[in-house]
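Sharing a structure here in structure tokens format.
Going by the order they are written in, the chains are A, B, C, D and E; count residues from 1 in each one.
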Amino acid sequence: MAGALPRAAPAQEQDLAAPTVDNRQKILQATMRRHQYRPDALIEVLHKAQELYGYLSPTLLATVAHDLHLPPSRVYGVATFYHFFSLAPQGAHTCTVCLGTACYVKGAAALLAALEAETGLKAGSTSADGQLSLLTARCLGACGIAPAVVLDGLVIGHADAATLRARLHALLAQPPLAEEHHGSR
Amino acid sequence: MDLAELNAIAAHERASRKPIRIACCTSLGCYASGAVELQQQLTAGVAATGRAENVEVVGVGCMGFCGHGPLVRIEPEDLLFEHVRPEQAPAIIAALDGGPCDVERGDPRHPFFARQLPIVRRNGGVIDPERIEAYIAAGGYATLYRVLHDVSPAEVIDQITRSGLRGRGGAGYPTGLKWATVAKSPGERKFVVCNGDEGDPGAFMDRSILESDPHLVLEGMAIAAYAVGAHEGYLYVRGEYPLAIQRLTRAISQARRHGLSGSQIFETAFDFKVEVRVGAGAFVCGEETALIASIEGRRGQPRPRPPYPAERGLWGCPTLINNVETFANIVPIIERGADWYASIGTARSKGTKVFALTGKIRNTGLIEVPMGITLREIIEDLGGGTPDGTPVKAVQTGGPSGGCIPASLFDTPVDYESLAAAGSIMGSGGMVVMDAGTNMVEIARFYMAFCMDESCGKCVPCRVGTVQMHHLLDKLVNGQATSEDLVQLEALCQIVREMSLCGLGQSAPNPVLSTLRYFRDEYAALLNAPSAAAPQPTD
Amino acid sequence: MPTTILIDPVTRIEGHARISIYLDEAGEVSDARFHVTEFRGFERFCLGRPFWEMPAITARICGICPVSHILASARAGDAILAVNLPPAAEKLRRLMNLAQIVQSHTLSVFHLSGPDLFLGFESDPARRNIFGLIAAEPELARAGIKLRQFGQELIERLGGRKIHPAWAVPGGVRSGLADADRAAVAAALPAARATAREALARFKGALPGFSEEVASYGRFASLFLAMVGEHGTWEHYGGQLRIMDSQGHILADHVPPEEYAELIGETAEDWSYLKFPYYRPYGYPDGSYRVGPLARLNVCRSFGTPLADAELVEMRRRAGGGPVTASFFYHYARLIEILGSLELIERLLDDPELSARRLRAEADVNRLDAVGCSEAPRGTLFHHYRVDERGLLTYVNLIIATGQNNAAMNRTVAQIAGRYLRGDRLDEGLLNRVEGGIRAFDPCLSCSTHAIGIPALTARLYGPAGQLLDEVAR
Amino acid sequence: MAGKLKLATVWLGGCSGCHMSLLDLDTWLIDLAALADLVYSPIADQKHFPDGVDLSLVEGAVANEEHLALAQEVRHKSRVLVAMGDCAVTGNVTALRNQLGAPDRLLQQIYVEHGDARGVLPAAPGIIPRLLDRVVPLHAVVPVDHYLPGCPPAAPQIRALLKALLSGAPPPAGGRFG
Amino acid sequence: MAARTLTIDGQLVSARAGETILEAARDAGIAIPTLCHLEGLSAVGACRLCLVEVVGSSRLLPACLTPVSEGMEVRTASERLQANRRALVELLFAERNHVCAVCVASGNCELQNLAVQVGMTHVRYAYLTPQCSVDISHPQFGIDHNRCVLCTRCVRACDEVEGVHTWDVAGRGVNARVITDLGLPWGEATSCTSCGKCLLACPTGAIFRRGTSVAELERDPRRIAVIVASRQERW
């Protein structure tokens, strides 16, 4: 009952290669170059940066600001305006509960409460060991299969607390992921 | 690319079709429910049973019946299967021979399908959205060709004007008038922007259109660009829609490869380059001035209008902004004529509207119906009422900017003016059905929480007023509010509505006002005695 | 069979308080507790703010003696800047503090305790207030009102407003005293001095009639803490600390206020929002001490002005020589301090340096830990701040005069109850006496809890198992 | 005595500065005494708030259970209620503790961490009132008729208000926070 | 320059074409409350205090941005507008921790003045009491977010007048904050030229000079317009 979604970032160009720790910077540079370092490409570039690095560190933001010739404060202002961008590392695993109206009407709030109780995390936070982030979304457009939950990019429709609990346990029982991971939402 | 090539592609595509077609919905709802694996299993099954000569398995766009997905349809027999699991692929293949099949069957003649009038969704569930050839075979891009060669920009605008098409994003501004304004606005450089930032929670019409028929939107945009004199376009899609973005991006590169986008389209002097811009999670970017700011790479904060984007939009240039569904209507209108289009719908609301029918309703999904249909017809006939057969209490239309309409008003025809008179709006097309178990004050609080979180923070009434309204609704829901609090809530609704800078703030009070209008007793029941409202000591 | 009596609330003091009196099984008073019922939390919510704002913020601890907080805070600020103040600034600050001592003591003597002192403890409760005094003793009342006005107006002339003047700042003061203002103050001085002397005379005249009160309103041996000047003279600003016991032994002398923590420890009890400071070497509760006018006059060698010194000699003689242990003499000491402060004001007004233009020393943060201290009307006041290298507060501790009298007030209540309580019933007379005993300390509970409160007294008497036996509220 | 109005002044969570400002009316207090009887005040001896008060001036914010009860009693028994000073009107400095959340942590820091080793938290039910979770202005708990801002309001402002209200006239508009 | 004649609050007013309603009203001595507007900076229409009624418009229009037109009929002080403005000022007071009594800007604060101007006697809304920080890491200046009203005058003064854009707004909604550079402490903002124009532009006590005590803040926001004008003169 689940299918993985493609990554949220713009996919209009072919990447140089699969991102690795070593060539992430190259890929990011290539993205900026493709946009001719135009300031209006900021959001696209931030999408790419977050896709590559998992989150937008101050160093990363400073690089983007420098290369796009933008004041750092503008880059920071944009990065913090949009919910998609994260300025802190996300958990190795993410669990996103959709709180759109359709999901809400079908009990998403109770589902979230159950997950909070289960994980001991407040929505929007990451566990101390960095293994899990519990997040919410404002409608994934998957209203037809409400309530919807996305587990590591996998959409689960008609979600119920018991199933989710089992899946979460299975996920977290896997050996911890390496520190570097590629964030995807 | 010229007409001959276009026709050749269409002919080849049609010729290579096989007699039997297994269409597997791959739009988000079904996709998320395992449609991809199902499609693979079906393909493998067809090959394994040696039917590849006669049978093709095609991934198609949204069939609309999302709540029952994954959906599979077999043509030409028109057999519909619901809730299909990958392991059921052999059973479906067996059904091709009329063999026994225990897969859940759907009824394609069900009112959910029969009462619809697909215009923008005509290719949904029919063609493979990932192949431009499929779109061309369905007549795609022929209209653009005709327009570029035979129709003047003014005539295009005239057709759109006469069709009576109004913006499908919510406000219902006459599309032709908007186009004419942009066309008239002086400027070397103009832009066409497609607003795909479908932010209303509970709405997924645009996602579905983009996932199911991306070229229809691109072709509509190109026609619009031609009409208003623009050569650059942006498609702004919310980041929450990765599948739509992927298909759209693919569609654009296909169109570019075929000379249907970019320079000298159809070997004319008309250039139109279109780019996708991915939103990053901000509802307010659905507001056109905020959308512009976002495309420019800035914080998505609206600015006061006037000046309207039609005069001063992207980088100060005249900019046409329509939403996905509006652009999807263009090709059918030009193709079949303004008069045909104007014959559908009501006196002031023409054509069809796509709705996302969700919530406590049996038939969840996407429908396209002619304007003027009543809410009752949608909810009872198409939607089949609540899953457990209990009475429907209300329907919420228009998302956070809309309102709740009670069952007593379900005979209201669905058109811009009637919905507004009922205290809601057409909005982008979300319809969330609520049953007796739904607490309307809680619903109002839900929407207020949404507006509060999504307020950009620029103007004071929206930034702070939504927080205060949410606080009061919270007090109400928790039984701590007094009648004075209710008075204050209503007063705040008025202030935020009158004083806010953009549509988000101006309409944020709507869910409260409409629930107050029809369900005041639910508010009253939550009121507490004044003394109990005093702050509680800490423990 | 222990029993508790609760007096709630205490009236005509600055703050919210109630009193419990505990009886043992023999019916004897075993303990008394003065409960302070207010809390405001300055020590915590100021954290993270720049220290420059602290004089004005901490002024809001108390509307009666805001100047004390302003000065203690500004002095802590001076220490953070590590600057020497322009001499004029120091003198102007002294001037304001003296003005405050005058107005605050006058408030205590006339407005709050005046009805007891001048109309008698047995007068009609309904008239036992400043309006009753106006009715019964119009001339005296008017003079008292004008004496307070004198102090308040001097504060206003210096700081722009009577209450919470934003004036003293780290490094100095924001404005000087205009010549016209100086002249106006000088012109009003004789009348003020006359009122002070008249009040002293009235008090001394009535003193023989208060022998009961002198004997039982908190007369006990204890330590005394106050600031003294270089030569052991009376001091209210910029001096060093001295601790003396009731035999007149100086236990600690010339301790710089920044070393207060070595002298003073603080503890808390679960029945009061008011903390309990104590003399650290003696521990709690043995190290309890008294501060305020009586402590200042006890620890000092002399006042340093002729009229006040003469009165000081007389007071010591009337008390029998040596440190005065009767808390009822707080009233006496207060009157002497009013007189002496007026003398010092006169002296300062003549100082030509007061007109200097340079009023403020500029510097950035140079020290991260600092203590500011001033003698508030009710006793020694400490502001202890720690800041980060930019000047944001990371630690605030405030030790307030009334808190330091906390234990003494408890003992006073116990002493009065022990002497006057008959059986397990409360009566008007007991209430009066207990309140009168407390009022001698002029407790300022706004200060001591960095809070303020309701102003009436009710007494409750509890039975052995804690049951309410009696409750009196007049 | 008949014909004289009953005046009360009340002191909740504040610094007493507003009361001091009232006393700064100085000799006008003598005039005031001719117009009104002070039937309840921190500077008077009445232990109970009497019935039928014509005018009550309330200083301070509502910070604990007792303030709340007293505010309600005062409102109930007063014809006209004035929020006197910024604490009563806005919460002011008294409400600064709200930023720190519920008071438990605050008490812990002040009484235990800043105290000595035997530090205890003040907690004596019935003796010392529990703090409210949030300090609120007067109008948040009872209806208020007039507002007199200022920290404190200057004596002439208090006089203007008293003069107007005691003569039955509407109080002067205006006044400034801070 | 062509002249336009319009009526504001019944008064016949003549204005230059292209002037805003606000400019025309101020020239005519009609006071319209403003907060985010500052002469010399671009107008953003964010505070909504200057909204006025224009006959023929169903919506209220920002006087700071709406150009005058011939025959325009403007009402700046209807009962509805006054009530709404008062509510806005109350909302602002409820939003952050504005404690006039202990603010460096007391006596020289546009928010404090607005409260008087709109007749705000008290705040009817719940105080949100957010936890805001004070940043005095800059060698000369400090910012206290408790007192910020998000008017963005600092952002615009820095960007448009100083030409640096050290300031911007981060976050959104009620959680929005003005920030310098990458949201790090101001003292670490390498782009800052320490020109102090943000301090000049700030309407409240949010931005102050380090060492300023309560009620001591001195600054005159009108100097921004003077700087802008004198620059134009030179070029």
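Some notes on this structure:
The criterion applied here is as follows: a residue touches a chain if its C-beta (ideal position, glycine included) is under 8 Å from a C-beta of that chain, and two chains touch if they have at least 3 such contacts.
Because the structure is predicted, anything quoted here is derived from the model rather than measured.
The chains in contact with subunit C and with subunit E alike are D. In terms of C-beta pairs in contact, the better-connected of the chain pairs D-E and A-E is D-E.
Located most centrally within the structure is E, per distance between chain CA means and the overall CA mean.
At the far end from subunit A, in terms of centres built from Cα atoms, lies C. The greatest centre-to-centre distance from subunit D, using averaged C-alpha positions, is reached by B. Each chain gets a centre from the mean of its Cα atoms; for subunit A and subunit E, those two points are 37 Å apart. The distance from the centre of subunit C to the centre of subunit D, with each centre set as the mean of the Cα atoms, comes to 22 Å. Distance between subunit B and subunit E, defined via averaged C-alpha coordinates, is recorded as 39 Å. For this pair, subunit B with subunit D, the centres built from the Cα atoms lie 57 Å apart. Counting only residues that touch two or more partner chains, subunit D has 64, 92-93, 96, 99-100, 103, 129, 131, 134, 136, 140, 151.
For subunit B, residues that reach two or more other chains under the stated contact definition are 282, 299, 453-454, 456. Chain contacts: subunit A has residues 74, 77, 81 touching two or more partner chains.
Of all residues in subunit C, only 48-50, 52-53, 55-57, 60, 164, 166, 169-170, 174, 362, 364, 390-392 touch subunit E in the complex they form. Within the complex formed with subunit E, the residues of subunit D that make contact are 83, 86, 89-93, 95-96, 98-100, 134, 136-137, 139-140, 144, 146-147, 149, 151, 173-178.
Contact residues on subunit E toward subunit D in their complex (touch as defined above): 93, 97, 99-103, 106-107, 112, 115-116, 119, 121-124, 126-127, 129-132, 215. Interface of subunit C with subunit D (complex): residues 6, 9, 11-12, 14-16, 18, 20, 35-41, 43-45, 57, 60-64, 66, 107, 111-112, 115, 125-126, 128-131, 134-135, 138, 141-142, 145-146, 148-149, 152, 161-164, 265-273, 275, 284, 397, 446, 451-458, 473-474.
Residue ranges of subunit D in contact with subunit C, taken from their complex: 10-21, 23-24, 26-27, 29-30, 33, 37-38, 40-48, 60, 63-64, 66, 70, 92-94, 96-97, 99-100, 103, 106-107, 109-112, 114-116, 118-124, 127-129, 131, 151-152, 154-155.
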